[in-house]
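Below are structures written as structure tokens.
Common to both upcoming complexes is subunit A, partnered first by subunit B, then by subunit C.
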Partner chain A sequence: MIQLLRIELYKIFKRPRTYISFGIMTAITFVIQLAMLTDGKTFIGFAMQGINEQFDIQGNILNGYLVTYIILQSLLVQIPLLVALVAGDSLTGEANLGTLRLLLTKPITRPKLVLIKFFSSFIYTVLLIIWLAIVALFFSLLLFGKGDMINLKSETFIMIMQNDVMWRYAAAFGYAVLAMTTIASLALLLSAFADNSIGPIISTMGIVVVLTILSNLQIPLFNHIKPYLFTTHTIGWKGFFDEPVPYAAIARSAMVLILYTLGFLVTTIFYFNRKDIKS
Partner chain B sequence: METIIETRNLSKSFKGIKAVDGISFAIGHGDVCGFLGQNGAGKSTIMRMLLGLIYPDSGSIFINGTEFGNHRRYLLKNVGAIIERPDMYGYLSGWDNLKIFAALSDMKIPAARLHEVLEIVGLKGREKDKVKGYSQGMKQRLGIAIAMVHKPDLLILDEPTNGLDPQGIAEMRALLISLSKDHGKTILISSHLLVEIEQIATSMLIIHKGRKVVEGPVNKLLHPDDSLVEVIIRADSSAVGRLSLSQWQKYLHSTEDTVLTFKMNPGNAPALNKWLVGENIDVLEIRSKHSLEEYFLSLTNDTIIKDRAI
Partner chain C sequence: MKKHLWLLFLCLYSLPVFAGDANELFYALRTKVLSVKDYTADVKMKIDVTYMRIPELKGTLYFKSPDKLRLERHGGLSVFPKKNINLTLVNLIPAGQVMVLDMGYATRAGKKERILKVVPEDDQSNIVLSKIWVDEENMLALRTETTTRNDGTVIMDLEFGNYIPYALPDKVTILMDVKDYKLPKGMAMDYISENEVESKAKASKGTKGSIQITYLKYAVNTGLSDNIFKLKGRNEEEN
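Coming up: the complex of A and B.
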């Protein structure tokens, strides 16, 4: 299994298109950092208008921690897309290349192949999030310096001491890995059903966008189904920036994501194991 | 002879259309079996079923006497295959592709073996080039290298000469003959090039519209005495009359203008030529028509669909 996984990762990281995701993420992050460098003070002044009337806040408010938080908020849609680009292509990509039939004429079971594709997508997701942590957090701290972090909410704000921030980011990035793994397993499932790569990638994004809208709609009709939508829980990482941290809610959300991931994975194995390979 | 592949009543439908209809056949160890059929006859479907890519609706497959269904992984260790095109990872080198698929063979294959198969298929020196830069012939040869790198006893090759130029076809033919004779491989090969099959196959399996038409050893199916020999002569109104009075009359199959067709062993052609010249009949050309082609066309004619086995 380890050797097969190594082969899969070798294939992924030998392919130039893999690095496009890293490039896109770096570009978006740098654009936001640049915007914050030039117009950040105006933006923060506008966002804190109400707060400044009641509180006198001193110090480096526009610091690396806050900018990283803004970047993470901005990448809510982009990261799932970048994950889907690889996971959605994992089985259909082989089918399109014609290598799927060659792979399956080798003594390797189909469930094992699906598991290898899943774990390689997981590792890719981990690396993508680590890269995001480096370019967003490291460079933001380099450009904007440290300071206490202000988490602006609609009606309140939370002040987090700077020596209390780093572990929250570590936990948030860890949670993001889990959330993105759920997206990757959905893309993998759709990849098993489809015969071309574009379909699963677009379908994954379509599902994520529609369910995210449903998760955020303040309409009573949808309130009953919201707790069951995985998109309601993919933003659970924000909980680590609340005070006190809602550990129970975060654990519940993490459990929902794990169940979805396992459900998608088991369905993929079951379906792919019975599929006729005609490509 | 011990069989390496055996199928019993194999059937498969796609969307209600029968692609394979109750096919049973057996291939012996060491055979080079030519697998023939028109486009859509069901050849690729059968080959894919033999490799576990497509699941049969009913029937069974046995490889080396073991039922395939529950022992797929174990049995595939001893099988190498090319199905349709040998598609590979174009962004990787030939060496990387070979190494990857060798590693998937579930056995430790030393680098020396990779060099050896590259040598056999004539790709030595080009293995570091990216596959996307390979010609079709090079890809086919790399496909063969991948199929045989783990030293399987059985090779299943679906149209391995597809897209090859005449030089490539001749090289592939020589390679397959060598794999059979020098390395003792059993080969199931499908191809549209009947001339090629005729030159390398020791047995044949012909299917039509998902059903088996005939199977058996080539020397029994294509009896040399049933070959067609075509003689083109200069126009001679008395030639046919004189032939009908000679010992060659019993071989005369048909006549059309200046083309006389004989059904006989091609070995008799020199004697026939000698007789014609002796009769002052000018012979412009003598050629042996490809017997397999004739045979195949006669069997896959829609009016003749019945199981025949030798």
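Coming up: the complex of A and C.
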């Protein structure tokens, strides 16, 4: 199993597309950091209009912690795309290259193959989030310095002491891994249904975009279905920046994501096990 | 006739008494408060506003008369009400020529206090009316209720202990009017827990906020330089 996983990872990291994901993430992060460096004050001034009418907040508001938070919020839609680029290609990529049939002639069961594809996508996701942590958090702290972090919610202003922030980021990045693993498992499922790579990647993105819009629309009609959409729970990392931290809600959201991931994975195994492989 | 006499008596009784010494009392109090040209104090600050969740802030508060104020938190953020609702008594006691009305005595917490109403003669002053509860014995303002032109009413409760000669309080509680705060939901993209939904439903649409400052240690009239009040930090210049 480990040997197969190694081979799978080798395949993933041999493809230039994998590094394109890391490059895209770095580029987006640097662009946001540059924007904040040049025009961050205007952005913060706009966001804090309601607060500034009544209070003077002095100090380094636009510090590395806040910039990292802005980056994470901005990458809400982009990271799933980068995850889908690899996970959505894992089964269809083999089919495209004509290696899937050959692979299945080896003494390896189909469920095991799916599990290996899933774990390799998971490792890729973990590395992607670690990279995000490095470029977003490390470079933001380097460029903007430290300070107490503010979190502007729609009706609440939260201030977190600087010595109380790092553990929240560690937890948030950990949660992001879980959320992106759900996306990876969805992309893997769609990859099992398709015969070319583009379809699963675009379908994953389409589903994520549509469900994210539904999760964020403030229309009572959708309020009943929102708790059942995984996109409602992918932003659970934000809960770690709340005060007090809503641990019960985060645990519930994490549980929903785990159930979705398992559901997607089991369906993939079930379908792939019966699939007639023609290429 | 008897009824009319009662009414006359009530009217006379309820009218403020223009006592000559009320003016003197106010000016003596203001002189004492203004005798502090500057101070440095270690403080703890608690902010209790419906839409704000801020932990207790500790730091060093620098004050220089008449209105320079800075909370140094060694790299951390400091939160103040807007400049015209200053955290110091100096700015809640009207400056310049004033009209003082003696409102008599009242007893609060078993202590007899003299109440003065002060109306600034300057039409441009942000303070419209100030009501001051005075401890005549120690010449201290124990409570002020200041109606401002633009910022609603600010109530300041003061507790004194070690710095009575300077009229510097050990603890100040400021009650002030606050407006609602809202950020577009699309911009914030909140992750809202069910607990939060419940607490939001329960939360009264209270428009009062309070700031409590505990002064731990003062250094008074040390001749603070203006440079201390020059804002440092990436965002401070715009604030």
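Simple rule for what comes next: the second predicted complex is superposed on the first by the 279 of 279 C-alpha atoms of A that agree within 3 Å, B and C clash if a C-alpha of one lies under 4 Å from a C-alpha of the other, contacts with A are read in each partner's own complex, and residues count from 1 in each chain.
As a working rule, a residue touches a chain if its C-beta (ideal position, glycine included) is under 8 Å from a C-beta of that chain, and two chains touch if they have at least 3 such contacts.
Please read all numbers here as calculations on a predicted model, not as lab measurements.
Of the two partner chains, subunit B is the only one that A:T99 touches; subunit C does not reach it. When the two complexes are overlaid on their common chain A, residue A:A47 makes contact with subunit C while staying clear of subunit B. In the superposition on chain A, contact is made by A:K11 with subunit B only, not with subunit C. By the touch criterion defined above, A:G23 reaches neither subunit B nor subunit C.
Within the superposed three-chain model, A:P220 lies out of touch with both subunit B and subunit C [touch as defined at top].
Once the two complexes are laid over each other on the shared chain, residue contacts for A:I108 go to subunit B alone; subunit C is not touched.
Of the two partners subunit B and subunit C, it is C that touches the larger number of subunit A residues. Annotation: subunit A has no residue touching subunit B in one complex and subunit C in the other. Residue ranges on subunit A touching subunit B, taken from their complex, read 3-4, 7, 10-11, 14-16, 97-99, 101-109, 274, 276-278.
Across the complex, subunit C meets subunit A through its residues 51-55, 70-71, 73, 75-83, 178-191, 193-196, 200, 231, 233-236, 238-239.
Listing the residues of subunit A that touch subunit C in their complex gives 41, 44-45, 47, 50-63, 73, 76, 144-148, 150, 152-162, 164, 216, 218, 235-239, 242-243, 246, 248-250, 253. The touching residues of subunit B, counted against subunit A in their complex, run 48, 51-55, 72-74, 76-77, 79-92, 96, 100-101, 103-106, 146, 156.
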